[in-house]
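The structure under discussion appears below in the form of structure tokens.
Chain lettering (A, B, C, D and E) follows the sequence in which the chains are written, and residue indices restart at 1 in each chain.
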Amino acid sequence: MRIGVFVCRCGTNIANTVDTEAVANKALEYPDVTHATDYMYTCSEPGQQEIQQAIKEHALQGIVVAACSPRMHEATFRRAVEKAGLNRYMFEQANIREHCSWISSDIEANTRKAMDLVRMSVEKLRFNQPLFSSYVPINKRVLVIGGGVAGIQAALDCAEGGLDVVMVERESTIGGKMAKLDKTFPTIDCSSCILGPKMVDVAQNDNIHLYAYSEIDSVSGYIGNFKVGIRKKATYVDWDACTGCGLCTEKCPAKKCYDRFNEGLGTTTAINIPFPQAIPKKACIDADYCRYFTKGKCKVCQKLCPTSAIRFEMEDEIVTEEVGAIVVATGYDLFDDSVYGEYGGGHYPDVISAMQYERLLSAAGPTGGHIRRPSDGKAPKDIVWLSCIGSRDASVGRPYCSGICCMYIAKQATMTRDHLPDCNCYVSYMDIRAPGKNYDEFVRRAQEEYGVQYFRGRVGKIYPKGDRLIVQGADTLLGIQIEIEADLVVLATGIEPSDGARGLAEKLRISYDDYGFYMESHPKLRPVETNTAGVYLSGVCQGPKDIPASVGQGSAAAAKVQALFSRDTIETDPQVANVKEIACIGCGKCIDVCPFGAIQWKTLRDGSQKAQVLETVCQGCGLCNATCPPKAIQLQHCTDDQILAEVNALCG
Amino acid sequence: MTASAHNPYRPELATIQEIIQETPTIRTFRVVLNDEEKMRRFSFQPGQVGQLSVFGVGESTFVINSPPTRKDYLQFSVMRAGEVTQRLHQLSLGDQIGVRAPLGNSFPIEDMKGHNILFVGGGIGMAPLRTLLLYMLDNRQDYGNITVIYGARSPEDLSYGYEFDKWRTSGMDLVLTIDRESPGWKERVGFVPTILAEVAPTPFNRIAITCGPPIMIKFVLAGLKELEYEDHQIITTLERRMKCGIGICGRCNIGTKYVCVDGPVFSYEQLRHMVPEL
Amino acid sequence: MKSEAASTPEQELRIVGFLCNWCSYGGADTAGICRFKQPTDLRIIRIPCTGRMDPLFAVKALIYGADGVLVSGCHPKDCHYAVGNYYARRRMEVLKRFLPFIGIDTGRFRYSWVSASEGQLWQQVVKEFSEQIHRLGANPGLHEKIDVEASLFLF
Amino acid sequence: MSGTAYITHNELTSALERLSKEMDVWIPVETGDKKWGIQFSKYQPGKAPLLERQSTTLPKKVLFPQVETLLRFCYQKDVEDRSRVTIDLKDLEDMAPAMVFGARPCDVRGFLTFDQVFLNGLHKDPYYAQRREKTLFATLVCETPDSACFCSSVGSGPADQAGSDLWIIPIEGGYLIESLNERGEKLLPKMGKEATQDQIESAQRFQEKAANERVGEGDLTRYVRAFEERFSDKAYWRDMVSKCISCGICTYVCPTCYCFTITDEMKELEGERLRSWDSCMFHQYTQEASGHNPRPTKFERYRNRVGHKFSYFPDKYNGMISCCGCGRCIRSCPVSVDIRQIVRQLKEEAGDCVST
Amino acid sequence: MGSKTEALAKQFEKVFDDLELVIGWETGFDSLHATPAFIRQPSALGRLIWNPFCSHNLSGYLTKTLNATAQEDAKKIGICVKGCDSRSVVALIQEKFISRERLYIAGIPCRGTVDLRRLMRLKPSLKDVNTVHIEGNELAVETARQTHRFPLQDVLLRKCLQCRYPNPVLYDELIGEPLTPRVTEGQAPPFVDKLEAHSLEQRRVFWERELDRCIRCYACRNACPLCVCQDNCILESRMPKWLSQRSGMSEKFFFHMIHAVHLAGRCTECGECERVCPMEIPVALMKEKLNQVVKELLDYEAGLNPETQPPLLTFDPSETGI
């Protein structure tokens, strides 16, 4: 190989403390170096031309530039050598500025060091190989998992950009948690008024294909080319035929079914449509309650259905969709408040969760928007909210703050005072967290204008007394014991990752934290990406957040997808791992450690199993290389031989 | 430091005079021995090999594929595969390498005289055949009709394309083939053994010489038997990992035969009497 | 055993650094940009991630005469590749504890976590480690020929 | 008998001391403190040879070092034009004369195999040739064969003098050294004073007794065809070789194994071409760059080893077996693969073969 | 002991219909040498032996000679294991090289196996042994003429002197009664301690002296059941080239460091590397130290639980102090 070495003086930045001429002269003694010189500003236009000139004149096959940090100008010089006809990976940069001239004033020592650094680069370069990107076509369809507001926003943004969107929602309707809310803080907007139109947009957008009542069964492939198996769960209703007329739900004899949408307040029918604005508005049979399935006969709905849409023989069906990117917006579940036995959640009928209370507030809810306590249907006179139920409590494994509870407590209390002006509202809180726009003002208004009584402290226990509840606790600011007789207690349950989040993560090969929230690629700089290329996060599945933040992240995820899809192919970075099959022993350790799921099994003709790198997925960290016992997998441009060459240049 | 009369491990220093990029992975090197006297006296037979040294990296065996009548250079075609070949590919004109040549046996050119000839070559396996082919062109009157079947994966993988016209105009039947269709390709498409069956040169008074990857050789041998070639009418070259090249180091044996000195050229008849360890 | 390309005077020792591209290499750049003065013994090899760091690179350097080996990467939880340094820290710590068993001073090997913004911390790490290596002196290296009498009978 | 010398046990080290002034004297010594094994080392003052049992490793390295420099090269860059590089090449270097003292007949007989390959082939190996010429063997008649020894089965024996220059016979109070050729004769005076007639007779008795000793069962020299016939019997090789772990011990401790590899080592502009022992038991030995391996598993590799020693070699060299029956491959084998049995059973009916 | 030998053969006889073959030990070329046996016919089960000469760890054959992965319709492989050997089997299952379902494991509680070279030093003339067994703290070797007795301390393999797992940790059938370990948990490996009592300089010299003998026959590697690279080991690889062919001390050191580091957190301390070394280098000692480090740092021992992942192949974000 013929190597040219260019030592940059960087004006005086390097030349002041490094004898660049001596370094260049020394370089001439190194193996394969046939040309070496120093130059005032190598990165300048004439500097680059000098390199290009030398490449042609001296038939150079590799270039070393000793200059600033490669983090600064590696890309510049790579382009320069490429213009002169070399492969851009036949270039190495020795950092003799940041790591040398700038950190010591000892010219002799610096010069010796610069010589070593150049020699290391030369030795490494002797093992460099031309590398070439490959181009993989992108399937410009996106899968959105989860039909809550975060997923809806992502789907709509993508669809409006002209992309084909596949949306998968576990429930029989989209809308998620937001659809259950009555109002939203801090503006007291009607939740369904702002969400409803978006849901309708999803239904009406031709670019969006919705799979409701479906779950992700399997995911294979990689960025640009995922293959997703979707399990369409049996609804026992042919949705192509169902018009959502609701006749079946009226006549269904099984009327005492758990009402999921209303959080178990009230009942529903075995065949039902969750709520009037459901999208899609289609009926679905709950086989756990349906008389035909439990008792073997009934079929009332089948007889009634004007379009003959009922299909008792229906089974789960797996369909496959091919997409190029995936947005995960699986949202959250609420903490199970019965864990706190001392509060009697799930035990005393009038101790309810905040989401249940939300349904009581809702005009579409079981009480028609009238606040009535579940036990006897009376309007409550005294209501106590308990904050941080399953938040900021390490003893129940939830040390994090759910972020939204303080705000929705204030909202619910404010609403309550509107509905029932005589009702006393008490809030037991730990700290009030209201950092958003107009948030703190909102809480303050609840306290000051609406007379909601806040006391700081933890409630110790709740017990019944007659038909009321005694709430015992302490006000830690005043340092006194507190006892409130209440008609209703609302537990402000916190957020936890949605049921099944871990299982889905494993299918997607993305990682999750100790609680099951999905890990973003970088907490600051890549908050929407995951470590699996082509999989993006939106909403609470990544961590607690409120509606605006979820919507914002939904749009951000959509923007990432759009950016990805703005090109027809993905150019792979050739600095990725590469498997030498004859040396691979098929131990699978690389597959185990790869943080990106970039390595998969490949079966050869003789039946042996070898590792195979998905170039588009590999991020080039080299963990596999360090782990591979026979070193069959090598990180291109940072191979063992290349690192060893640098080590050998210094030692031995 | 006694310079012994003859040290078979000591390569002759040589200079690279010309490099021809044959295919993306094959380069042909023309080298000249630095010792002019030795260069002038150098002679070899078609089929013989040489060991090329990149000092500091190692040695590797290649067939000498210049025409034996040329006395001014030695030529080797090198496919990039391992450590040595990779380094060879990085060399430039004027660079120094080591050469130990000629080594090994050669094609039985005398015995072939008066016969029709069939060459069947695949990929880099064309290199040894080319030497013999050029030799026959130089002595065209000694041989009957000559058919060459030469295949590679794609048009870019065919070496010596610049000579094809010359071969054809010198009275040879040249059949080119590639594995899969390729835009602009007007010759045949298909694996070498398939094309062999199509062309089906009669075994009458013919010697077949085949060289290529082991899997191709296996099927070509079968194909020739199908065409009713006798064992002694089939000649091939064998490849083995070699080190010393002079029959000492031990690794290239097939039973009692050492590929480096008893080969690389073997007739099918010989092979049948050797232990089945290919 | 030491390289002779740059004729090395006695007082300068050979420290090999393996730095991850994203954090510590950047940290060293930052230290340079801020002109934080550092000893000159260190020679840095850039690797993408400490997860790329095979402990054997360090072993190779130490056996073949390096006076010190310094590995540095992103702080745990801040790995550019999410988890590379979690693997690395286990591997490095195991190596560090093992080295003295074969007669290599554990002080000759160090790993640290320095982010791209922590120029000052980098300066401190380099200073401390270089001083430590100078205290230990040159790597005594291995005896290529064994004096039969200098034995240590164990078993 | 030709010339003789007598050395008492006490004088042995001083005799070796004298010799070591003129040449490298290789003697068997303990491999380490309280170790069972014995290896050959250059004589150092005060170190007495251990002659009571066979050494673990061989004096093979004296003529055929485990690693040896074949060439030294240096790239020299033209000061005017750095792309003009010439190569300075040095090959054979002068080697010191040497003596191997206290090896056994089987150890020395191995070099007869070497001679065929390194000296009498198409090309003469100048490195081996030089060492061969400059090295003498003072060989000890063997009185301690063990259960792994089988020198008599391969046409040798405990008193086999082939390949030796001096002959050592233990007698009362010391050793009688007898010269077997002129080279040996010249050294006798430096080794001790002339032996008495009594001593000579005593030594003769010892020698005769050893010569009559049969070490090993049966004759293993006539298996050329049996091997060929067994070559493709997969079950046979599977049964015989399953326990082999493919290490290189048997080849490295074998007096007749000579296979080597050649590799270059380089640092900056200087480097050397090394020849080092290789082993046909290693996968890499025949591995080709393409990935193809004609002997991909230990079954083919061990078969080749047996074939080489008992079939190919005698086929090629007038019936000469490339095995001297020292038994080291059996004794040192971590899993006790017994080559005697594998050879012997070549002639047995399929199904009767049992590996132990 | 005769009784166990018979029990072993009987047990395999019972299940042989389900087996492809049995790997055990039999008498080798003389009465002092046991050797691995591959038995494919039930009629040959009588060749099986069990005595203190059966030191070989047979588990390596499961990957290197056979292919004990799960395969449809394939019969099981019967294998005899001691306590230490069973850990190798577990480790191989852990790393998914073999499948538990393919194995029929006969576990043998073991009081220790003999280091033949130590025995030979004590009694070079020993031959024609009729029986050998352990009685209390002694090895009893009965020849035609007399019974020799040797203190176990003087004749056992080094690994056996510090054995903590005399009983197999995984088996289908236990042959004999479980034993009490010679060394209990928490006790430091005595030989590691012994070396660590010396200065840094002395330790280096110790290893120089020991490793100087290394002839690079690679037996330590090939015998190691966890050295799974085998044919593709980087010790011999030229691309990448980790190790040169030079034979200096640095190469020998680095060779053994490569072996040791590759086994960090994986070595099951079967001692095969050391037993097979023709030059009697205590190579297992390096791995013992690494195991001690891994135990202290990550509270892990290889080859105990088939479900766990070796610690250097996984991570824990929450761990502190490193």
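One rule holds for everything that comes next: a contact is a pair of C-beta atoms (placed from the backbone, for glycine too) under 8 Å apart; a residue touches a chain by one contact, two chains touch by 3 or more.
Keep in mind that this is a model prediction, so the values were computed, not measured.
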Q. Most remote chain relative to subunit C, going by C-alpha centroids?
A. B
(Q) Using only Cα atoms to place each chain's centre, name the chain farthest from subunit D. (A) A
Q) When the centre of a chain is set as the mean of its C-alpha atoms, what distance in Å lies between subunit A and subunit E? A) 47
**Q.** Averaged-CA centre spacing for the pair subunit C and subunit B, given as whole angstrom
**A.** 50
Q) When the centre of a chain is set as the mean of its C-alpha atoms, what distance in Å lies between subunit C and subunit D? A) 45
Q: Going through subunit D residue by residue, note those that touch at least 2 other chains and give them in order.
A: 32, 34, 75, 83, 261, 263, 265, 268, 287
Q: Two or more other chains in contact with one residue: find those residues in subunit A.
A: 2, 29-30, 582, 593, 627, 640, 644, 648, 652
Q) Where does subunit E touch two or more other chains at once, residue-wise? A) 209, 230, 232, 238-239, 241-242, 250, 314
Q | Residues of subunit A that touch subunit D when the two form their complex | A | 2, 28-31, 33-36, 58, 581-582, 648, 652
Q: Over in the complex, which subunit C residues touch subunit A? Could you list them?
A: 1-3, 5-8, 12, 14, 16, 21, 25-26, 28-29, 31-33, 35-40, 43-49, 51-54, 57, 60-61, 64-66, 80-84, 87, 91, 123
**Q.** Contact footprint of subunit B on subunit A as seen in their complex
**A.** 1-2, 59, 61
**Q.** subunit A partner contacts - residues on subunit E that touch it in the complex
**A.** 95-97, 228-230, 232-234, 237, 239-242, 250, 262, 309, 313-314, 318
Q.
Under the definition above, what is the set of subunit D residues touching subunit E in their complex?
A. 31-32, 34-37, 39, 52-53, 56-57, 66-67, 146-148, 239, 242-243, 245-249, 252-253, 261, 263, 265, 274, 276, 279, 282-284, 287, 298, 330, 332, 334-338, 340-341, 354-356
